[in-house]
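Next come two complexes built around chain A: one with chain B, the other with chain C.
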Partner chain A sequence: MRDLIRRYGAPLAGVFVVLTAFWLLVLVILPYLYLFENSFRPYLPVVDIGGPKDVYSLNNYLTFFESPIHIYVFFVTIIYSSVVTALCFAIAYPLAYYLSKVATSAVVPTLFLLLLIPLWVSEILRSFAWFIILALKGPLNYGLMGLGIIDQPVRWMSGFRSIIIGLVYTYVLFMLFPVYNAVQSLDTNQIEAAEDLGSPWWRTHWRVILPHAKPGIASGAVTVFMLSAGSILVPTLLASTTSRWFTEIIQQWMFESQDWNTGSAYAFLLMLICTVFVTLVMRVFRVRLSDIAK
Partner chain B sequence: MSAAIELANVCADFGSFRAVDHVNVTIKAGEFFSFLGPSGCGKTTILRMVSGFIDPSEGEITIGGQNMRGIRPNKRPTALIFQNLALFPLMPVWENISFGLEVRGVDKQTRRAKAEELLRLVDLPGSADKSIAQLSGGQKQRVAIARALAVEPKVMLLDEPLSALDLKLRQHMRAELRAIQKRTNVTFIYITHDQGEALAMSDRVGVMSHGKLQQVATPQEIYNRPANGFVASFVGENNIFTGQIETRNGTTATFRTGCGTFRALLGPGVTDTTPSKLYVRPEQARLVDAPPAGANNIPVEVADVAFEGNFINIQVRNGDGRALVIEARNDGSTAVPPPGSRFNMVFAPEQALILADEAAPAQGRAA
Partner chain C sequence: MKARSNFLFHAYMVAFLAYMLLPLIVMGGAAFNDSRFPSVYPWVGWTDRWFLDLWNDGRMWVAFRNTIGVALAVVVMSVPIGTAAAILINSVGGTARSVLYGFMIAPVLTPGAVIGISTLLFWNKFSVPAGLHLSAVGQTSYISAFVMLLVLARLQSFDRALEEAALDLGASHAQVVRRILLPHLYPAIGAGAAIAFFQSVENFNTTLFTRGTYDTLTVYVFSRVRSGITPTINALALILVTLTIIGALWYEISRRRTMRRLALRPAPA
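Up next, the complex of A and B:
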């Protein structure tokens, strides 16, 4: 704080502090508290709000546990979000390794630009683009058939396929950048030392590069997982007849049933269980929160 | 176990820049060989070619009689100690040391035993379970040596491994490295820009400049009989006089300079037309009141005196203000000349060398 004042002067430092506090308090904490409080109150006609029926209970939360279909959708969301996370890692890790340790410094900026350009297009347009690409008579099937890889068009928009493709496409960069930073920070001499000691490439990755990149991978994985589980746009636009995402249920409670109370309860359950899940996975992979913050 | 290394006409090009230029040298099995040169002279490139990270653009490298072209570092009988050591910070000491054995499928118990044995060899017993971050600079050094020795290399390559240590430790590790080399009898190739290190540790030294090997010889020869002007001025101090040869007489010649005409030994390959200079080491010059007749002599005035303990460093100037240096051993009764006093600087003809200038570096790729 004293540092901040010395560097920017009291007025500017004050502006920073007030803005940060405003963002945190008014835009993050207060809305959450409001929803949290609401999630314990019953959904009532306006006249009854504040009346004798307006008492705190866990009924909204119990609604979830009493509806098997919601529980099912919830777990499906968690599982497919994990699949999306794993796929993002499988794509991002080799790419991150290539960008940080193989590509020459002359081409890296160009490659990054190419990776970033899609981010400039809004998510909704990108999802619609995938909707077109993945259509039964869309360019992807046309291309694959033209190349002779398939002879029957694939129904991409069935099950969770299209959602997974869309989510991977949307969030892969959130995996790429932390993993890139982590691999980048590894001293190249360590990779060479491993090779010099006789290590084949896969063992060098397993014993030297991956352990070093673990915090970056964890950070990317948490981000991608949380964003996927909480995504609403992609699962709605690229949905098939059989796919449902938990966020869609929350949306239904809030906007179709106008029941913000139960919707809030569902939203908090999603947040809570995702946090627990992430914590457990971190425990399994022996990653500490402080590693991620690095 | 050790192996001889032969570099035959080895060149390394990076784009149009020739980092290593036709290097020919045979390093004997069990030898401690140093490449000495300023930064950018190509010595690290040679090391990377021997270890296999880059292939020579031209020429061949053979280790133990086997041509190494196309053989990856993980298949070569070499072990490299990096300048920054490149220890694996996430593994404990013993796993670092036994990594090369782990790669070769050795079971954990044997690996652990081997690591403990090597830790004793490098004088670091009981550190097997420490983390790398817990070690001091000198200890990390030892772990790096142990890690390299674990794979029982025939050739050990060291890339300025002592440069990060403080002076005391560096001197201690010199002796240590030398002792380890003698004990294991592995061929050591040592890269350094520190002439003291190269002279003190090596059986032979190869002095490099601009990608070319300037001289390969024992430390004594390098210092006493430098092959050319670059070696003379890079290794040790010199008073350097520009001028030209006046008359030749067998192995000696007279050399005319701005400070006078002197008799001196002709260096290798010096002809009347080779650009050359005269080199006189400070410890080979003396200050006397009256020069003996016919001696190489420059009348000088003492400008500054630095008393260093075991020797005295005397800065002098001749009549034209040209600065020269004389180093006198202190035997306990050596007089320290006061600044301003006038003397004659004399040096014996057999201790003054006329040496050819270093050949101009190749511009771009050689034809």
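Up next, the complex of A and C:
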């Protein structure tokens, strides 16, 4: 703090502090606290707000714990988001290794340019693309039938299949780039040294490359999990009759029931699970928050 | 052995690129197909009517204007905030730094829906109704963090001896910031502004809860897909993807030009 004033003078330091304080207090901390506070208050008509009925209670959370369907959806969301995270890692890791250690440096910039395009295309268009592809009368079914692989159209949008396909497609690049950055920073000599000393390829990966890539994997895992669990577009557009996502229930409370208090309790639960996941990943991978956010 | 595994790697890379790009091509191609349901196969016939429909859709134009407006507002708010926060955190150390950093990163690790709902509730307390202004505020809360991270990374390569030299030679603090610090940060600030703009245009989750009754492009596409879908959306998608490709190319070319210029410049002694 004193350093800041010494470097930039009191007036400018004041400007920096005010801007940062505005951001962190007015845009981040106070709204989150208010969400938390609201989740303990009952949903009341306007005249009763502040009246005798407006007392703190756990009722909104009890609504959740007394509804087996909501609990089920909550856990399904967690499980499938974890599955998506694992799948993204399985797909992205060989690519990250390829891009940083195998591909010749002449083609890498072009490959990156091609990969940047889907990254910049918005999430809604990427899920919309799969909405078309997976449709019963869509190109995938016609194509497969044309090739004679299937003779009847497959109902792709059943269960959670289409949601997982859509989430992996939409978020795999958020895994690829951090893991690539981490593998990239590993000195290739270390890999060669391991090979010269007779390490089989899988052990080189397990003992040399993966440990080095931990911060990148942690960063990718946190991002993919958070985006998947919090996704609204993919689970809505690629939904089947049997698939429900936790964000859809939050939407129901907010828009259909107009019950913002229960809605904030559910939103808080979603935030809680993401926080737990971040903490867990930081523990398991032994990385710090500043390693994750890059 | 090595050659075969390399071949497998190349094949995997090509397959992955196809997996990433083919869906976008299918989506874009369907914009020209004269069939009610957007698809490329079977091909019914070439048409440009979906583009005309899109052009004549008043709601789309309103959504388009709203999107640009919100994005500009987000840039105007998040760039100064993110830059100030980066400069601030760069001059503090120890526990204060990690605590501040944690709070700054928190919105990036929070689902957009939660940001949207908390913004909506908080401003509603002060009788500010939902609307595009709240969408801009909600988006700024996490987009500022991207700007902060970019500027902070750039600050790592800043030689603070320059600041001290300027102060010793009698420059005022304002001059130091304007003539020495900010010029060093301009590339990061520019990149931050571009990312802020694109993040805002793409945003759906936060906007959905804060927008009130206003449309942005993402919300417009979403409601069109849910209610009677026509290839008009594909026409819009194709335009957006084309703009994205132009943006990505422009970004890459300018980045390479900078790299080349840096490579040509003699190394500092």
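Note that the second predicted complex is superposed on the first by the 244 of 294 C-alpha atoms of A that agree within 3 Å, B and C clash if a C-alpha of one lies under 4 Å from a C-alpha of the other, contacts with A are read in each partner's own complex, and residues count from 1 in each chain.
Methods note: a residue touches a chain if its C-beta (ideal position, glycine included) is under 8 Å from a C-beta of that chain, and two chains touch if they have at least 3 such contacts.
Here the structure is a predicted model, which means the values were calculated and not measured.
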Touching A:131, do we find chain B (first), chain C (second), both, or neither?
second
* Applying the touch criterion given at the start, work out whether A:280 contacts chain B, chain C, both or neither, answering first, second, both or neither. => neither
Message: Applying the document's definition of touch, where does A:271 land relative to chain B and chain C: first, second, both, or neither?
response: second
Larger residue footprint on chain A, choosing between chain B and chain C, goes to C
Check: Touching A:116, do we find chain B (first), chain C (second), both, or neither?
Finding: second
Note to self: Tell me the contact category for A:196 with respect to chain B and chain C: first, second, both or neither.
What the structure shows: first
Practice problem: Tell me which partner A:98 touches in the superposition: chain B (first), chain C (second), both or neither. | Solution: second
Just to be sure I read the superposition right, which of the two partners does A:211 touch: chain B = first, chain C = second, or both, or neither? first
Inset, instruction - Scan A:49 for contacts with chain B and chain C and give back first, second, both or neither. - result: neither
Shared chain A footprint, chain B vs chain C, residue numbers none
The chain A residues in contact with chain B across the complex are 187, 189-190, 192-200, 203, 207-208, 211-212
Given the complex, residues on chain C that touch chain A span 5-6, 9, 12-13, 16-17, 19-21, 23-24, 26-27, 30, 37-42, 80-81, 84-85, 87-88, 91-92, 96, 98, 100-115, 117-122, 124-125, 137, 140-141, 144-145, 149, 160, 163, 172-174, 176-177, 198, 201-202, 204-205, 208-209, 218, 221-222, 225-226, 233-234, 237, 240-241, 244-245, 247-249, 251-252, 256
Chain A residues touching chain C in their complex are 1, 3-4, 7-9, 11-12, 15-17, 19-20, 22-24, 27-32, 34-35, 38, 91, 94-95, 98-99, 102-103, 109, 111-118, 120-126, 128-133, 135, 137-139, 142-143, 146, 169, 173, 201, 222, 226-227, 229-233, 236-237, 247, 250-251, 254, 260, 263-264, 267-268, 270-271, 274-275, 278, 289-290, 292-294
Chain B contacts chain A in the complex at 51-53, 72-75, 78-80, 82-84, 86-88, 90-91, 99-100, 102-104, 147-148, 151
